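Below is one structure, written out as structure tokens, with a few remarks after it.
Here the chain labels run A, B, C and D in written order, and each chain numbers its own residues starting at 1.
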């Protein structure tokens, strides 16, 4: 199980992290988001928003980016800025 | 005798101040400058420069401004700025 | 060129940071600082009792470092300090301190200004204000985006 | 609105000034400072052993006050401090400290920037640098005049 980190509004709704089984070859961020959102309404509402972005290994990525199980994956709402 | 203050390059050449007899009705700055400069070559060289300005009662003035004996009169080189 | 970028969870003293930044400095003529304080009132005038700044360990430090490096490259500065607090902050406390040293004041002003504009929109922080009527998330306002756009020829 | 304008003959501590300026501040979000240090090298690279700033008592304070008041009127700042040293100054010592507090950082940056541009050209000081090959007077350079021209729609 790969740990998925949540920050900002996403973390507020879903807690600091969640877990997801990822194939060794990885999955596109779009599909990871879809699978996490499919769990319940709260998850769907927290994750299926256009302003919720994802990162893989600390780099903000697009929906097509591939994430493997050994990478650090996160979803978060818009940065507030410093 | 009215005390005339010198600052910057003017003060460096002529000392911090000088004295001049002014009529009660006052004199134009141009004439004060001319009389002070007439004293010797050092005074002429220090005062007869276009970048040497005058003030009367702390206000920078033009050559036509009148200065009376009870006012504070000064000549100084260009401000260096702070 | 020295870059000092820190994310801290303890109180941030702008005077102490300035003192350290100035120590032994004689070659450069100009030092500009920015100090950002936690406001006692929100943008809509509501009372703020506490501010919480969440961050993503690793990503947030990197976003701060990237911004400082971009400023160092873009402006003729000799040293930069960027210190940002994370965690719970009380109104009046310092959230962010930026200092820039340069031979010419224009570069120091511009570097501090640029760093703040980018931090305010691009730094990986999530900010919540808590007041008598509950908590709410803060996002960059249009003013922040407009400020950032001034530098757009080089920002990514 | 508080304006604090001082011409002093004693050492100037920018950190202590910043500390006093920040004390008890919670309403405003942004504080920008400028600290000007005596350079160890002149503009042409020559060594500077000491700097002497002469001033005209009464006129110089008034020129500083006028500049601060113009900044207060022009920008949405809540407090301004302008402290300038006169007399003999050693390289590395602070010559001038400016601080501006505002609700929005843009006003604080602009006020400090404006005050410095005007101080550097219009303040009634006469500056001499002393080095191994003698002393010389310093006058505003073209860069200073160009900086001032940026604000020309309102400067006198």
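We adopt the following convention: contacts are C-beta pairs under 8 Å (C-beta built on N, C-alpha and C of every residue); 3 or more make two chains touch, one makes a residue touch a chain.
Since we're looking at a predicted model, the values are computed, not measured.
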Seminar exercise, completed: Every chain in contact with both chain A and chain C is listed here as none
Exercise. Where the centres are mean C-alpha positions, what is the separation of chain B from chain D, in Å?
Worked result: 27
Seminar exercise, completed: Rounded to the nearest Å, the gap separating the Cα centres of chain C and chain D is 23
For this session: Could you put a whole-Å number on the gap between the CA centroids of chain A and chain B?
Result: 77
For this session: Report, in whole Å, the distance between the mean C-alpha point of chain B and the mean C-alpha point of chain C.
Result: 50
Problem set entry | Sites on chain B at which at least two other chains make contact | none
For this session: Quick one: which residues in chain C touch 2 or more of the other chains?
Result: 36, 120
Problem set entry | Touch relationships between chains, expressed as pairs | A-C, B-D, C-D
Exercise. For chain C, which residues count as touching chain A in their complex?
Worked result: 36, 53-54, 56, 58-59, 62, 64, 84, 95-96, 119-127, 137-140, 144
Exercise. Which residues of chain D touch chain C in their complex?
Worked result: 14-16, 18-19, 22, 24-41, 91-92, 94, 104-106, 108-109, 112-113, 116, 120, 143, 147
For this session: State the interface residues of chain A toward chain C in the complex, per the touch definition above.
Result: 5, 7-9, 11-12, 55, 58, 72, 74, 76-82
